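Chain nomenclature is as follows: A, B, C and D, assigned in order of appearance, with residue numbering initiated at 1 for each chain independently.
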Amino acid sequence: MNTDKPITAILRIQASDQKGLIARVTDFIQRNNGNIVALDQYTDTFEKQFFMRVEWEVEGFAIERDQIGAAFQYAIATPCHMEWELDFSDQRLRMCIMVSKMSHCLYDLLARYHGGELDVDIPIIIGNHEEMAAVAAQFGIHFELIKITKENKAEMEARQMQLMADNKIDFIVLARYMQILSNDFIRAYPNKIINIHHSTLPAFVGAKPYHQAYARGVKLIGATSHYVTEELDAGPIIDQDIIRVTHHDTPFTMIQKGKDVEKIVLSRAVEAHIARKTLVYKNKTVIFN
Amino acid sequence: MNTDKPITAILRIQASDQKGLIARVTDFIQRNNGNIVALDQYTDTFEKQFFMRVEWEVEGFAIERDQIGAAFQYAIATPCHMEWELDFSDQRLRMCIMVSKMSHCLYDLLARYHGGELDVDIPIIIGNHEEMAAVAAQFGIHFELIKITKENKAEMEARQMQLMADNKIDFIVLARYMQILSNDFIRAYPNKIINIHHSTLPAFVGAKPYHQAYARGVKLIGATSHYVTEELDAGPIIDQDIIRVTHHDTPFTMIQKGKDVEKIVLSRAVEAHIARKTLVYKNKTVIFN
Amino acid sequence: MNTDKPITAILRIQASDQKGLIARVTDFIQRNNGNIVALDQYTDTFEKQFFMRVEWEVEGFAIERDQIGAAFQYAIATPCHMEWELDFSDQRLRMCIMVSKMSHCLYDLLARYHGGELDVDIPIIIGNHEEMAAVAAQFGIHFELIKITKENKAEMEARQMQLMADNKIDFIVLARYMQILSNDFIRAYPNKIINIHHSTLPAFVGAKPYHQAYARGVKLIGATSHYVTEELDAGPIIDQDIIRVTHHDTPFTMIQKGKDVEKIVLSRAVEAHIARKTLVYKNKTVIFN
Amino acid sequence: MNTDKPITAILRIQASDQKGLIARVTDFIQRNNGNIVALDQYTDTFEKQFFMRVEWEVEGFAIERDQIGAAFQYAIATPCHMEWELDFSDQRLRMCIMVSKMSHCLYDLLARYHGGELDVDIPIIIGNHEEMAAVAAQFGIHFELIKITKENKAEMEARQMQLMADNKIDFIVLARYMQILSNDFIRAYPNKIINIHHSTLPAFVGAKPYHQAYARGVKLIGATSHYVTEELDAGPIIDQDIIRVTHHDTPFTMIQKGKDVEKIVLSRAVEAHIARKTLVYKNKTVIFN
């Protein structure tokens, strides 16, 4: 987990484009003796919008860690009308995984977690079926079974949200969780719920995308990781990838082959989120280097 | 152009699945002293449908070339209720390219043609704008300008079809031809019109798919080559491929990057069609080895 | 695990190319009332060598299961000078995984195994370090620690081979096992040891391929699964794949990114081996459909 | 060709890493009223080396165009010990293409050029065989035949270099030019000769890489574009890509399939070079956004 990596401050910014934004931000860090270890910026020339992610070492920085936000707000963000978010690399996020019956995405996340590749805590896994309890148990993670029916959905979601609060969950990963979340639930976690959909959206929205793909006779299948928004399968896309299929493939073999793409595309999105490399603007993502 | 390759008979078959089809077909060729140089078969277990492509050398085959079809019909196809198509590798297909203003797909096809990679004749290129006349002239191919308006569409299509007849055209390639063909035109060339659509269908059907892709914030763009059917962008898919994009990409850069995928995916489809490696069944393609 | 799939006989054949081989084999199956569910064949026109894999349902076949081999030998293989191998889909292979310290390939295999995707038994995992004992324990699989030094190598390999015999191991998967096997060991398992090498061979043979890749400044990294032969990293390649890297990547990030390719490419090879879809000829593989 | 795009200054920098480099460069542009349209920077933490590309609009910039270099040298480069290169987007580079007998890469470059996608002048194409004269003629570009033998190589290279000088050539593209350039020639154009090699280097250096790939039984073939250095096929890699092959492929079909990868990978490198997005350091490239 690179425990010897120096602690960094990670600042993500967006603002209307205007001259000198990079110079002002980097000058702020430089004047306060900050050592920049990564910087990526991007200007959307259509939307006239500026995006930036800059990461610098906390040690030796002239401003106290808990004062940096206020100082940046006063010196730069207010005059430049910026929105921003400041994180520190040693703030370990707390992640909840929600699952149904399929294990491949869950295993891929837990294998990375156990192998020290995901810098998060996973205090809880929530399933709407009991099948994945055994996988959670293999990794010693608490599993909570919350069966959802049409009748009890509101009540069960309230219980889920209580569990999120109790476990101080920062973000939620739907690892092939086959339930549609209510708008209330989604609104409670804006840009904090990551879903994997088993098609290259916007193709094959909704149920059974591999069956749809088979019916259409496509030569590629794929997967899309995205932040969940109120409109089904329409949130900001984080990552996508594909795998080639042929006329030999059936819905069954597509489901099998697709698993490899799904798990990789979901895990990459989770890694980008954890590294604070994502930023959402107008239902799209900027994915920083 | 591999002019030293022996002339082959190419037989494509489909039938309801039943025991012993491969044995019967291969036995027919074997008994008549045919040397099989390629064989590929596939059974769609969902549709209970059998597909086969077999290619054997004409020289030394016991049945006269112009009698093979009748003999096969009598001995195998009739008892087994097969549909089939027989071609010979020295039957050079005649191809018409239809274009509008963009040159990348046209150049890619003509470069392959000129380089001896496409075993076809291209007697004519038809454009609805004059821009591509110069490219046709570079390659010494007759260019016919047929401007289409709402008012003259039926008349102009009649003229196009007359040109197809006059030039004994076997199949048509729409190399970014930005007109929608009438149903009458399409019905006249079933599974003989190949189009390139600049998205991975069924995503982004219709106009300006890169603008749609940009608006949706996808991380992949792509292209689809397909046979044209009456429903727009809904015909049997021959090939698809993708290229990765990021938040840096605009509709303009997507158009630029997409050209490379479009031209390759279209040319691959044309090559498969020329090699008689495609077979259409229920709005899907079987692409033989 | 598709337990409802009918039991099939799987026949893999190679022979010098000669007329009528497909007809003879399919006729043999057809005459004995076999229902072919898959057939793939290939003729290497350079080497004049014929390869075929055919799979048919055991139920209803006119020859008793334990007589098929002898009958095929007599009727077809002897007159045609074929080499062949006959398997049955209900013969569950026994697989041994050998590991060192890295968990990603091991987890990927075990996740598939636990998810019912790998139709094998895994009675034992052998490690030359103790780190993977915990992963084996998570899945309830016996782990044997066999530490290898220069001095004890012959003795330890003898112990490994005894474990293979005791556990009736059919094939061995080196899931990032960082030891070089002796020629004696390799000769004992011809085309039965699958290794994953973390480069697209033949690039970057030997140690630390990602460091080599970084030093060379490549824009792609990859992985290769192959059968192990006496020459290091030079055995028949089963599968390969790549992932894009940029100047931003360090050996450390290449190692991280490469894990995803390694595990997928290894698991695909294991699946092909289990499905009896591989055949080795002159240090290359034929991978059947 | 986006003739309406504003003229920009493009500055590429490298220096030993030190605090505040980004701030100093962006402050220099900002203070002089420059509007930055693109910025990309990268720090190689292994080599402690800093790289940056920044592009800003010339119009409205406070320093005269022909004074920018001197001003930057004085204010920033000298105190920070930077190496740098300054270009302007309206300086149209002059490119020479060198060819042998194969047309695919040449056609791909000329099709882009003719389609307005390559912002260069191509005053001359040099061939060591006459085959490509016809292609040059199709595009109205002067073709010079310079046949090279062992005996006349020095003399012929002198003639080539005279042609480069006469035509004020800025950089050279070897579009499958099958001759090895002398060290004297290479030293005259450092990081200004782009070659395409038909393998994913460092695999299959030297002659007939597809035959080598076939012999090794690989499952992927590819291409590499790189700057030419004195060691054969060992220069800084600009781009690489691959295409999947199977046991069905022969050296002949690999050559055919490989053409598509070669031409795309070469053209992408040419585009990056023209856009001044490449920078060479220690035999590697930084490819800026």
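To be clear about the criterion, a residue touches a chain if its C-beta (ideal position, glycine included) is under 8 Å from a C-beta of that chain, and two chains touch if they have at least 3 such contacts.
These numbers come from a predicted model, not from an experiment.
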Return the chains common to the contact lists of chain B and chain D.
A, C
Measuring between Cα centroids, what's the chain most distant from chain A?
B
Identify the chain pair with more contacting C-beta pairs: B-C or C-D.
C-D
Between chain B and chain C, the Cα-mean centres are separated in Å by 37
Rounded to the nearest whole Å, what is the centre-to-centre distance of chain C and chain D, using the mean of the C-alpha atoms as each centre?
42
Where in chain C do residues touch two or more of the other chains?
45, 248
Chain B to chain D touching residues, read off their complex
102-104, 107-108, 111-112, 114-115, 117, 135, 138-139, 248, 256, 259-260, 264, 267, 289
Contact residues on chain D for chain C in the complex?
42, 44-46, 51, 200-204, 216-220, 222, 236-242, 246-248, 250, 283-287
Chain C partner, complex, touching residues on chain B are 19-20, 22-24, 26-27, 29-30, 33-39, 41, 43, 45, 244
